[in-house]
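Naming follows writing order (A, B, C, D, E and F), and every chain is counted from residue 1.
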Amino acid sequence: MYGLKAIQEAHGWTITFLGVSVVFSALAFLSLFVANLSRILNFLDVAKRSILERLKSKPEVLQEAPAPQGNGHREVRIWLSPHDHEMMRYFELITQKLGEPFSLEEVLEKAQDRGIPRPHSALYNLIKKGVIVECRDKAMGYYCWKRGIDIAVSSDDKSPEREVAAED
Amino acid sequence: MYGLKAIQEAHGWTITFLGVSVVFSALAFLSLFVANLSRILNFLDVAKRSILERLKSKPEVLQEAPAPQGNGHREVRIWLSPHDHEMMRYFELITQKLGEPFSLEEVLEKAQDRGIPRPHSALYNLIKKGVIVECRDKAMGYYCWKRGIDIAVSSDDKSPEREVAAED
Amino acid sequence: MYGLKAIQEAHGWTITFLGVSVVFSALAFLSLFVANLSRILNFLDVAKRSILERLKSKPEVLQEAPAPQGNGHREVRIWLSPHDHEMMRYFELITQKLGEPFSLEEVLEKAQDRGIPRPHSALYNLIKKGVIVECRDKAMGYYCWKRGIDIAVSSDDKSPEREVAAED
Amino acid sequence: MELVLDFLSNTGFALADYRHLIMIAVGCVFIYLGIAKHYEPLLLVPIGFGILMGNVPVFKGFGLGIYERGSVLNYLYFGVRQGIYPPLIFLGIGAMTDFSYMLAQPRLILLGAAAQIGIFITFLCALALGFPANEAASIGIIGGADGPTAIFLSAKLAPELVGPIAIAAYSYMALVPVIQPPIMKLLTTREERLIRMPDPRPVSKRERIIFPVVGFLMCCFLAPAALPLLGMLFFGNLLKECLVADRLAQTARTALIDIVTILLGITVGASTQADVFLTKKSVGIFFLGAASFMIATAGGIIFAKIMNIFCKTKINPLLGAAGVSAVPDSARVVQLIGNREDPGNYLLMHAMAPNIAGVIGSAVAAGVLWSFMM
Amino acid sequence: MELVLDFLSNTGFALADYRHLIMIAVGCVFIYLGIAKHYEPLLLVPIGFGILMGNVPVFKGFGLGIYERGSVLNYLYFGVRQGIYPPLIFLGIGAMTDFSYMLAQPRLILLGAAAQIGIFITFLCALALGFPANEAASIGIIGGADGPTAIFLSAKLAPELVGPIAIAAYSYMALVPVIQPPIMKLLTTREERLIRMPDPRPVSKRERIIFPVVGFLMCCFLAPAALPLLGMLFFGNLLKECLVADRLAQTARTALIDIVTILLGITVGASTQADVFLTKKSVGIFFLGAASFMIATAGGIIFAKIMNIFCKTKINPLLGAAGVSAVPDSARVVQLIGNREDPGNYLLMHAMAPNIAGVIGSAVAAGVLWSFMM
Amino acid sequence: MELVLDFLSNTGFALADYRHLIMIAVGCVFIYLGIAKHYEPLLLVPIGFGILMGNVPVFKGFGLGIYERGSVLNYLYFGVRQGIYPPLIFLGIGAMTDFSYMLAQPRLILLGAAAQIGIFITFLCALALGFPANEAASIGIIGGADGPTAIFLSAKLAPELVGPIAIAAYSYMALVPVIQPPIMKLLTTREERLIRMPDPRPVSKRERIIFPVVGFLMCCFLAPAALPLLGMLFFGNLLKECLVADRLAQTARTALIDIVTILLGITVGASTQADVFLTKKSVGIFFLGAASFMIATAGGIIFAKIMNIFCKTKINPLLGAAGVSAVPDSARVVQLIGNREDPGNYLLMHAMAPNIAGVIGSAVAAGVLWSFMM
């Protein structure tokens, strides 16, 4: 069978109509979703921040490690911006693999492999804040995570995430 | 069954005779072919060159990008030796992967990985001839392919391919 | 079926008893073996050394390449400690892959990849003893194995293996 | 003596006929195009050598040919015949592709949909020319310009046509720099080709992680039959973007995809055994395949021009041509053509958006076609 | 028109019911935990996405579902169903694991045996709750805290439960930092947690080469059914330690294990198809699995305390908790808890000894259980 | 109680007899030779450990042994039994081997042909000793000194002999530095051993690309049955030399060949299950295999001496010994022996020519033998 008759016999028109519709609607849905995704996320961020701001007027701290349990070791509280806190989580992940104590060079190398943005400055921040310290007793030139500290996340910092996103 | 009788029964002699013949003829053919391969290629090269030489006496250009279409951008014509032209094609392949603008170091590294002979001098040639230029407007220290030029291949150059082959 | 009856029906108690016994005995055997492994090896080493010591009082050489066959090339005999000899075997393995002549840097890199302990000092030893020499006739800056020498293993050296083991 | 003659009559020299020689020549051309012209070398070289391997004349029944049970090539071909290799390749593609160009410019996604019109028009043409529906669908998918999708669909619908369809698809994908430019110039004015696109906005990490999950669910709820292809594509991309599973993404985009590409290339090539391949049908497939590519290119461009009627910020209609997928060749062609008119116009990264959308689009189209043929 | 309706009735939107949505939510939670919480991301992300792929609603009989013959997922699932993937993963684990911590402290090996008590007590509980013996054994092995072993045993004994058992095992392995600490604190005094362990002695290269050979023979003479798992584990380790075959070890611990992990993760995830997974049995499995983990943790700790009665050099009983394997998470938890009490107490490398012994122990336990069910 | 006894009677300790112990000792010797003596460690270590795995005594019918359907080892052995692994290894070898030494010195190719005489003479001897033709051919191929080829041919012709033949082939390949030197010294004079070869000419890139294509067609037209092995060998080499597909060559010579080597080694080792392996036939195979190696070595050397009668530029007859393949060990032995006489005589790169030609030669010989046995 040939020609239009063959097309009709094989439901050619219906299939084509449905096929084109499905392809277009699938990609149109995707397009719509993508177009609004950043808006949705931004909205959620704003909502989260406004709630946090309201909370901050009272307890001043967003997220906090469990309170010191009377063993005298956890007297230091270190404030990190949300961005630094996120970076800290990444570096924790990396150092878990490398083991402690770790060399900064290795950590930076891994961080670059994983595409973490601006690892040098992030690592420098963590050292400056005292979250990562040189562990002299164990091995000169190697670094450890500071034990016995509370990490608190402050929200009054400007959120640096967008800047980062603009770069990577 | 044992002994010569077993051999005969299993067509041992025929198989051995045929086997040895086939192995020898296969490798002898290969040997012959290999022995003459470079001669054949050289002959083809010479033939090609002599034809090109004859053509060159007239149009002076072997291969040419499409003529400038009146948009004023394609006024420059750059002459490359066949060898440089071949090198240009390799580097184009590499930079397609790296994206533009590219850093020379990355390009050289890739070129070495791929075993391209003497990449430094080849790249230097292309920059000297102006085929690759520093793209200052985009990113300092990075290079681009020069747009709006005609690449022409000259055949009057001595063919440097043999020298290269002698080295790798 | 439920409860204890189901357990009994399925030979639950026997399986559990046997299972726990087998797991424990397997790991206890392993534990015993591991605990004694180093002792066994040490004992074998001591035995071997004492036998060698006794032999050394006579022939002075443990292991020796076949004697020079009158071709005048094998007049030099080089004494290596067992440890250096082991190192030599590793480097031979590496250089077989790299081909001769080899660059020291490449060899060291490979050695580090393979986790050979303290490759720099080992390689330096071999060069100092003249087992590896610079091959000036072939390629400046590249090294070869010295030809025409006899390698002899001396046992009067302190065995450095334990020191090494203590480090890696 | 009889044995000698018997042996000689089973050498390739005795068994060869003109069809083997034609196919061997075709194989050599593939290898030449891949190596000397750099057209999709990662596919043309394996397929070309596969064509040689499939067309060395062998005695049938000996267990050497790709269509004989128990031969090595037959085992390796299993992954083609059952559609296993294409999803694994999609996994690798997902793990190496940066979707952020697409996320940054959602409206360009529609161009990737428009170019799929080539698939369906070719499907209709094939029906009209008398091909049965399952073969017509497999032929149409050539216009998707996506090798793994074409192999997957034809393995499911018309297994005996996998060879010609794959060869046609990869040939035209390799010839994208030859096929597309004339159509692009014909359908656009110089003014249109000079349109510059605004820089894409940066895309945050969170968006890039959420997209493959939601995108997968959206597409596969609409077209469940696209599951094996799109599932793996989006999964690969999630592995890449989530960073924490980077070692898996790394393997997926190197060892895994390379191994599968080698096996797929060599067996697809070998499946072009002369007696199966050199038929009238193959000629039809090649003609329809070419038409499919051209219609797809035109579809993308024309749709971009239609969008320009409604959009304030104009789209450079050349980008429509990138909707046929053929990643990343057609994007590169767009860049090239745009660059010729205006050396400062960098279209490449914009063209990646419809390019990747085209991959998704043709996988969805394959899913729809498949679900109708069952 | 009929065709249109027919098509629409086969989209995911029409076919979905609440169970699909539950499972999709579960998949998203897995992905979230893996990416945001860094819980075993190499497994939770693939399994999570696999759950999505297995629970996009598809028409049965179409050849898409993981349990339908001839579907791509079904072919990839073959390696799970036949227990082929787990030994290959063990090969990679062997090639990446340093056994020397265990060799240095042989008495800690026993802690790895003690923690396997969880397997057998759970087995008894499951029997008592009415599970047939083969299912009870497969449920018990969850307490081995070792994904590949659990998948291997349930593939052999109760293939229809592979999905829930694997999901339970990996969930709890991911939740080790949540499950173990309270039990560890409950069962130890502060003084015990403060015990510092002496530095492990160095282990020579010869010991490290001889161990995998002899260890393999010992374990497999006692429990031959552990052969596929332990053979590959010790073989991988021999490749690593012998140095001369390092390129094989290198591939085993990168490309090979990564490819198998991807395929295992995605198919184990997809095997949780809603109608197979959301059953009363699964609920029972999850409860028993949790119990199994807790009992195992307790078993290791209590055994360490018993050993302390007889040993002169005391063992920090926290190390007992590392006997459940879950490499290396439970070792890390031990380090963490020990560190909280005494920031200078480095338990991690000591905890690696029972951790690895626990892997061997649960493989032996799996062998024993398997041999009784045949 | 019965269950306890039943269990105990199924442990390895109860099931073991002297044959298992012999084989375990053999496995340990293989591992020792590989690790301590550096003899072909990439093969001896996996095969040695495989021998251990295959000879842990297990209850037959339980689904653990390599010859039992459904066991993990049985699935992995599939690639050996069907001859799938050897071509994949050849692919990797092609992608890592530099053919240019051979291209530079075509006359040395003939030495690679001459050494194959060992295959055929051994074939005749085996026939004379009463082996049936298919087994005799499989035994003869041991003299090809090429593991994958030997496994491929015996998998096709005499599957039950794969174990002993592979073990014999790899043993003698590992022992090349022991077997060859005396023969080399016996058959050559000091003057001959002192012959220095002229430096090979440089080979252009075009030659290196054209060779694998034409070489493949030539060999496989003559001996079509060598297609799976030679096709993959030349294909791998084309991938390597064409540069544009380098990432595929890179994977073929690392991840792919390593994975296949691991699986082949471990299963070939395990296929030496005591009751199948320790037979009179195996003893015969080992004797004939050794003879085969010696004849092959002698064949290559004598042929080189014959060629010297006709050639102006003399060939160092030691190079003939490299014709037995055993890449690159026999080439290294040639270098070593040549070096002993004259420390300035670098024969290694010359020896690579007959070495590689020997690989091609034995694959052709395997093809011819196979085609006669069908």
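Definition applied: a residue touches a chain if its C-beta (ideal position, glycine included) is under 8 Å from a C-beta of that chain, and two chains touch if they have at least 3 such contacts.
Chain identities (UniProt): A, B, C = Oxaloacetate decarboxylase, gamma chain; D, E, F = Oxaloacetate decarboxylase, beta subunit.
As the structure is a prediction and not an experimental result, all values here were calculated from the model.
Student: Return the chains shared as contacts by chain B and chain C, ordered by label.
Tutor: Of all the chains present, those in contact with both chain B and chain C are F.
Student: Taking each chain's centre as the mean of its Cα atoms, which chain lies farthest from chain C?
Tutor: Computed centres place D farthest from chain C.
Student: Among all chains, whose Cα centre is located farthest from the one for chain B?
Tutor: E
Student: So chain E and chain F: same face meeting same face, with over half the numbers shared, or different?
Tutor: Different: fewer than half of the residue numbers at the chain E-chain F interface appear in both copies.
Student: Between A-D and A-E, which chain pair is linked by the larger number of C-beta contacts?
Tutor: The comparison resolves to A-D.
Student: So which of B-F, A-E or A-D is the twin of C-F, meaning more than half of its contact pairs are the same residue numbers?
Tutor: Among B-F, A-E or A-D, the interface that shares over half of its contact pairs with C-F is A-E.
Student: So what's the Cα centroid distance for chain B and chain D, whole Å?
Tutor: 28
Student: Quick one: report the Å distance separating chain A from chain B, using the average Cα coordinate of each chain.
Tutor: Once rounded, the distance between the two centres reads 47 Å.
Student: As a quick test, compute the distance in whole Å between the mean CA positions of chain C and chain E.
Tutor: That pair's centroid distance is 35 Å.
Student: Show the residues in chain A shared as contacts by 2 or more other chains, in ascending order.
Tutor: 11, 15, 18, 93
Student: Give me the residues of chain F that touch two or more other chains.
Tutor: Expected reply: 3, 7, 38, 222-223, 244, 254-255, 368, 372.
Student: If I apply the definition of touch given earlier, which pairs of chains qualify?
Tutor: According to the stated criterion, the contacting chain pairs are A-D, A-E, B-D, B-F, C-E, C-F, D-E, D-F, E-F.
Student: Along chain F, where are the residues that touch chain B in the complex?
Tutor: Counting only chain F, the residues touching chain B are 102-103, 106-107, 109-110, 112-113, 116-117, 119-121, 123-124, 127-130, 132-133, 136, 202-207, 210-211, 214-215, 218-219, 222-223, 243-244, 246, 357, 360-361, 364-365, 368-369, 372.
Student: Per the contact definition, I'd like the list of chain B residues that touch chain D in the complex.
Tutor: 11, 14-15, 18, 71, 73, 89, 93, 96, 99, 147-148
Student: Over in the complex, which chain E residues touch chain D? Could you list them?
Tutor: Per the touch definition, chain E meets chain D at residues 3, 7, 10-13, 15-16, 24, 28, 31, 34-35, 38, 41-42, 45-46, 49, 52-53, 56-59, 62-64, 70-73, 75-76, 254-255, 258-259, 261-262, 266.
Student: Looking at the complex, which residues from chain D come into contact with chain B?
Tutor: Chain D reaches chain B through residues 1, 3-4, 7, 38, 332, 339, 341, 343, 348.
Student: Contact residues on chain D for chain E in the complex?
Tutor: Answer in residue numbers: 82-84, 87, 91, 156, 209, 213, 216-217, 220-225, 227-228, 231, 234-235, 238-239, 242, 244-245, 247-248, 250-252, 254-256, 368, 371-372, 374.
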